[in-house]
Each structure stands twice: as C-alpha cells, then as structure tokens.
C-alpha cells in the first residue's frame, strides 16, 4: 500500500526555542487509521497541528512532510494552506462552535463543494444535500447550527470538512464531551471514511475510541513518543510501563467496587420525588434510600436531569413534588464535587486561603489539612496558587479535600472526571471509593456506562422525560418504588 | 418578554420620565409660570388677571401637584405640547421644522462616519496587533480625549479662521455642512471603528472562522461568507445603543456651529426656560432612540436566526 | 457593554498604558490643588492693564482677556471639574453597584423592573438629563454632579448585575454555600474581586464623561456662568482672542486633553 502522507522528524518548539515535541516520523496509509494517544499537555495535538500547518502563533515546527505529491517544510506553515480541504480535511474539535452560526447546514457543506471542489452552484447544493441525507440528516438540511444536536453538528462538520475532496482526514479529540453512544457514532463515522479508502489520523485521550478505531497507535507522553505499534498488539500487550498504566486506567479494566456491608444507617431518603428544570419535568415519582458507604450511579443522556436530581437531593434545587430527608442534622455533612474543577473555586482566591477560610468558618482542626493533603497526594506549594494555575486533577482532589474536612456522610459527584485524563480519572474515582469505604454515601453521575458499572453498587438510569429506571430488576426490600436496583 | 413588548414598555417609560421631569422643571421655575404662558399666548400688553387665571386653571398650575401632573401627562399623551414660550409658535411646528435640519446633518455625518469607521475597524480587526490596528488605537484614544466641541473648535480655528476656506457657522449652503458634519462624523467614526475592530477580532478568532479556512476557502471567501454577517450583528446592536452618542453629538455640534436643528433648539429652550419646547424635544429624542433600537432589533432578528428562537 | 482591547496589547502593555494614564491624571490633580501655592493671586482678580499679557512672575501662565491670572483660573477650573466628576462617579458607583447586586441576587420582578428602568434612562441623552436638572436646581455644580450621577449609575448597574448574575449561579458560589459560608463571604471572596477591577475602569470612563459634559455645556453657554472659572467657558471666552493670545486659549484645551487622555488610558481601551 502507498502512503498518502509521509512525515519525517516532526518536532515542535516554542518561542525561546525550547523543544515541546521530540521529532516524530509517521506515515498515513489508506484504510489504516493512525491514532495518537496521550494525556492533556502531552504534545499529541501539537503533532497533528504541525503536520498540517495549524500550530498556534508563537510555536514553530521542524521536519518534512510529503503530502499529495508536494514536499513541504514543516517550518513554513503558510505553504500548507492550499492543501487544506483539497488534500487534508480537518475535523474540528468542537463541531458546534465550528459551524457558522448564521448559515444553514446544507449551505456550509455546499460552499466547500462549490468553492473548493469547483462544482456549479446548483450541483454543489444537491451533492451537499445527498451527502447529509446519507449521514442521516435529511431533516436538518435547512437548520442552523443552534438547531442541531451535538452529534448532528459533528456529522455536518464531517461532511463540510471533506467536501473539498480531501482523502486524508485529521481529527483532534473528536469525542470531547460526548457520551458513550455518541462516541460510538463518531467512531463509526470515522471508520466509514477508512472503509472508503481514506486515510485517517485521530488524536485523542479517549481509550475507548482508540480501541474502536484500531490501526496503528502512537503513545505520546511529555512531548515524546513512548511506544508505537499495531493497535491490537498495544492494547493486548503494552511494552512500555506508562502505556500499561494508561491502558489500565480504562474503566473497562477496573475492578468492581466490593459490595457494601448491609445494615448501614440511612443517610438520605427520597419519597415520590419530582424534579423539573425550566418547566420541564425531568424526574417523576422517584423514591430511594441511601445507606452509609453506598455508591449510587446515575446515568442517562445529557440534559436528562442527572445534575438536577443531585441538586434536589442536596437541597440546592427545590423539587416540585415529594420529600427528601437528610438524616444527619449537620447541613455541611452533605457535599458536592463539580464537573468543571476550576469553576468550583473562587477564581481570584489562593487555594490555601480558601481552605483556611473553611477551617475558620467551621471551627475545624487545622492540623488535619496536612495529613489529608499527603493522603490525596497534593503538594503543599499548590496552596499558594490560584485555581487557574493548578491542573484539573489536582483541583478536583483539592475539592475532595475541602469536602472531606467536613466529614461528609453524603457526597454528590457530578461528572467529577469528565474533563480529566484517564489516569487522573482513575485516581479521583479511586479516592471516591476510598471515601465510600469509610462510610460516606456517594452518588456519582457519569455519561460513561463502564465507569458507572464498575464503580457504583447500583444505578439509576434517567430518560429525561420523568422516568427513572434501573437496569437489573431486583428491588431491595427497603426501597420504595421500582426505581431502585441493587 | 418579547422584544416588541419590551420596546413598547421602554417607550412608555421614556415618555413618563420626560413628562415628570419637565413637570418638575416647570413647577420649580422662578416667577409666575401662568403669567409667562399667558403673556406668550396673548401678548404682553393684553395680559390681565383673567387671562392668567384661565391659564392657571387650564394647566392646573396653582392646584395640588398630583392632578396637575396628571393633566400635564394627559396633554403630553395627546401630543398637545402647547406653544413655545419664546417664539409663540406651536411646539409641534417648531420641532418638525428643526428636525429637518438636524436629520440632514445627522444623515450626512452618519454616512461619513460609516464610510470611515467600520471599514477601518474591520480591516484592523482582521489583523489584531498589526500596524493599522495599533495606529487606529492611537488615533481613537486621541480622538476620545478630544471632546466634540473641542474638535469643532480646532476645525473652526484651522479651517475657517486661519485658512478661511469654509464658513464657521450658519446654515443653507453645502459649504455650511462640511465642518459640523465632519466634527460629528469623526467622533462617531472613532467609536464605530473601535466597536467594529473588537467585533471583527472576536469573529476572526472564532472556531468557525478557523474551520472555514481549513475547509479550503480563501481569506476573502471566508471573510465575505462568514466574517461580515457575523461582525454585523454585534456591530449593529452596539451602534444602536450608541444612538444616544449621536444625539448628544448633534446637540453639541449644532450649538457650536449655530446649526438651526433640534439640538440647538433644545439648548436654547433650556436656556430660555421654554418648558413646552424642552418637553417636546426630549420626547422626540427619547422616542427616536426607542424607534431606532426597535428597527435594529428587527434587523438583527433577520440576520441572526438564534435570536428568533430564544 | 464591555469591549476590552484584547490581543492588541499584551497584559504588560495594558498595565503600562494604564499606569501612564494614572500618572497623567495624578499630575493634573496635583497641579489643580497646588496652583494657589505655585503663584499668588486669585482667579477673579482683574487687572485690565495686563489683559492678554504674557507670563510674568506673578502669573506664570500669563493673563486672560480681563487680566486675570491664567494659572489661578486654570487651577480653579480643574478643581471644579474634578470635584464634580469625583462626586458624580462616587454617587453613581454606590447606587449602581448596590442596585446591581440587588438585581442579581433577588432576580425576578425586581430585576426586570430595574433593567427596564435603566434601559429607559439609557434612551435619553445624558446631556439632556444634566441640562434639565441644571435648570431646576439653583446650584449649578450640585446639579451637574447629580445629573451626571443619574446618567452614570446605569453603567455601574449593568456591569455589576451582569458579572454577579453569572457568578451567583456558578459552581464556586454553590460550593461555598454548601460548605456553610454566608452571603457576606460570597460577596467578599467571589463577587467583589471580580467586580472591583471593572469598577475602576468604569469609574475612569465615567469621570471622563463627566468632565467632558461639564466642559461641553460650558462651551455652548448653558453650563457654569461667568465669572466662574470653568474649562469650556474659558475656551469660549478666549476664542475671540485666538490671534492675539493663542497660548491663553491653548491652556484649557491642553488641560482637558491631558485629563481625558489620562482617564481614557486608565479605562484601558474601553469604547463605551
């Protein structure tokens, strides 16, 4: 098979000449995906950006790229411009924001056909329509981006990106923020392209996506390639220690949480709970009882009311029906961990000050902070920084520390790891399990069914229309209503 | 609350506000208001106690404040502003006469500023940090530190007094237009250029702008297809809110150059305590703002489908 | 409306231009209050023989058309403008921030009423409000300060409301409440640090508006009345003598330019 793109010694440097990415060579072949796997800040995106001349201002690349019959110097990004759309198609990271908000879906695809491929205006429109219909978007041709769901926008962007005739598709984190079902959709979309003889390069931290795509895998860490090889070989027998840790962080490889000893005291009970947001009923007639040390999983499509349910249990969001009884009188025993760690802290306040404020306000024993910091593997110097200057994983552990200082009996973890890398996710979930092991009830929301299945003792699935169902029918004797499962 | 209802409420509130303030102004003026009105109505020689009493009763000037205020607001709602205390002509006639002159000036200035400001701002915004952008920032900062009356003063001194090219004040010929229109336009252009620059820089840095380029479109194709429309939405909204700046500019520039428009009239009316004229003029200015912004609402709704849904 | 010059100047460049603006304003303030000590005399004392005369030891900035010391008149005029601007901005900030916080925290009907009120007031030219108040209130300076406060509070209100509304529903504030903190803590740690820097730019911008308005009204003869020293009024008085004494006219022009430039730089590229 002949390579469609041959890159030799691609390195990336910052303004001071410091190397951000060690030179990497790679080839793209039709029909065989190439996946660059790595964590946030590993330099994996820099690699794909250097390949197609889209590095942010201030960064420079070195190396040579042979692409569609042209020989290019990676240090001259301007030369790549004429290849965009014609030879290389770039699938945007956030499709919803990457479509012109003022232009209809069909137009955005048709303009590539017309202006890049050179079709006549009428032909461009009809081809665009056919392509979108083939992607299952027949009803969305005349819609504007804000009328499309995230998945639909992804497909429109896909059609628009490759309408110019490019046979090399480059996708940077195409599953960012998508739930499992939509992630599989994206994988299928990308594989269609491969099956049709196109070349595909995907940059991702999503282990499930990498597994689905197969092909060749490059594992990148701290700006250097640590391992490369056939996808199946790497997933089955990783040679590098880091790769092994990374792959083991995939929720599907986790151990299940051991069952909770029966007979723990009830910490929270809800009866016939109804929750709505903005006039829309999300949950209706839900009854549940949570005992100490129990982990309850909540899953369901985005916007189905997972967060609203948790907020209602915490008393942050008034339910429209039913009652919630929080058995422990101390209000601060009921805590929450948020999805976006930086937004859960005061932006301008040093983290140490935030903790000190809490110690003073609740008259806590300040000497407990240090051992807890050590336990959560938090370096003391972090306390001098502001939330924006600390990584997401560290910040999420600090949020846990903040909650743990108050000896919580119930913790609502609202998508606590959806913005974190696999290894960090594994660590944070591990801490939540530890917390549960010490008797705190944990309610965890996630869009990842694997994660829920292996972490939670039981699970509630919301459909967003009022119904709450449980996957395996085996109601506990103490539960009121069929919504609970063990 | 839909946009139309909001604008309607806003118009009502503006009218109420103008009515109440002018009422307070009338009540607090020194001297006998009824006598002054009567004198203007019937002539100084013919004013007698009866005429003054009639006026006082008609406008409820002597009585308790609340009924008088209601009477005053009622007259305003029926568009009965009365006659000017200075010229004796009906307020409506005076204002419609002045409005013509003001609209001419404002239209010329607005056109001039739109030819200068947004094109410069958009060009600068497409290359943030470029030499045009830096130059424009310097220029607009300088212009902001130069109030419009000062700009007018400088132009009068240079062009009229020193060079003698154009008349410093007056109205009638095309030459009279140049200095006031230029003064007004420069200030407005500085403002619209800044707004356009920031809106353009935001659009050019957006993911959809980058994606359009990566689809393979050329720079000018990206700009005309994805840039201009997206820039025009915030630009229009901002400019609508800045209508007040235009009106204030009109007031100052007309006064500096002796332009017989509504702004000049307003300053004279306040100076001469001509309450009916103040009321009529203020109402016209306030309602014009609401009208202009209602039109902009409609234009933005046409341009931007997102607003129509939400 | 908040438009900040982004991307054009680096954070450092922006800080530098802000500091330069503050230095300009401080220089003018110092001059205004030190003028009486720099040279003797009073701003009203006429000496017709010295009319439009050049600088001398008694009057280092020369004399105006009535032979009054320019340095004294300039100092007095700047003090007047700066004081009006200070009181107008202070009153506007107190009202605007309080109402903005109230609207953001309470929401509902109160919020809607306040927004409608401020948006309606926005429809009226600020000059008009100031002029009408000046016609009603006998003390002109007080009337100007009050009228300007009536115009300027809107921006403080809108800014505070917009900033705090988002913050109050943010996870950070929710977390603080769950941890047992009260409203005062939320204000001190979450709201105030975000609002305060915006207030500074808004205040600088508002002060520029105030000084400009007072001078504009003086220039078109509906502001301060002679013989009060006021920048706009001084310019219109000295304009007929442009040929004989250009420096006398340029002094108030230069003074107002400096102060407005300084304030605008402090406001950091804000347009509105």
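For reference, chains read A, B and C in written order, and residue numbers begin at 1 within each chain.
In this section, contacts are C-beta pairs under 8 Å (C-beta built on N, C-alpha and C of every residue); 3 or more make two chains touch, one makes a residue touch a chain.
From a predicted model like this one, the values you see are computed outputs, not experimental measurements.
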Checklist entry - What pair of chains has the most C-beta pairs in contact? => result B-C
Checklist entry - Looking at C-alpha means, what's the farthest chain from chain C? => result A
Next on the checklist: Please tell me the distance, in whole Å, between the geometric centres of chain B and chain C computed from their C-alpha atoms.
Outcome noted: 21
Checklist entry - Using CA atom averages as chain centres, what separation in Å is found between chain A and chain B? => result 51
Checklist entry - What whole-Å value do you get for the distance between chain A and chain C if each is reduced to the mean of its CA atoms? => result 48
Item to check | Interfacial residue positions of chain A with respect to chain C in the complex | outcome: 314, 316, 331-332, 334-336, 338-340, 343-349, 354, 357-358, 361-362, 399, 402, 406
Checklist outcome for this item: chain A partner, complex, touching residues on chain B are 206-208, 210-218, 221, 225-226, 229-230, 233, 303-306, 309
Item to check | Residue ranges of chain A in contact with chain B within the complex | outcome: 54, 81, 84-86, 89-90, 92-94, 97-103, 111-112, 115-116, 144, 146-147, 157, 160-161, 163-164, 166
Checklist entry - chain C touches which residues of chain B in the complex? => result 1, 6, 9-10, 13-14, 17-18, 21-22, 24-25, 28-29, 128-129, 133-134, 137, 140-142, 144-150, 153, 157, 161, 191, 194-195, 198, 201, 205, 238, 241-242, 244, 247-248, 251-252, 255-256, 266-267, 270-271, 273, 278, 282, 285-286, 289-290, 293
Checklist entry - Where on chain C does chain B make contact in their complex? => result 1, 3-9, 112, 116-117, 119-129, 131-132, 134-136, 208, 212, 215-216, 219-222, 232, 235, 239, 242-243, 253, 256-258, 260-261, 264-265, 269, 271-272
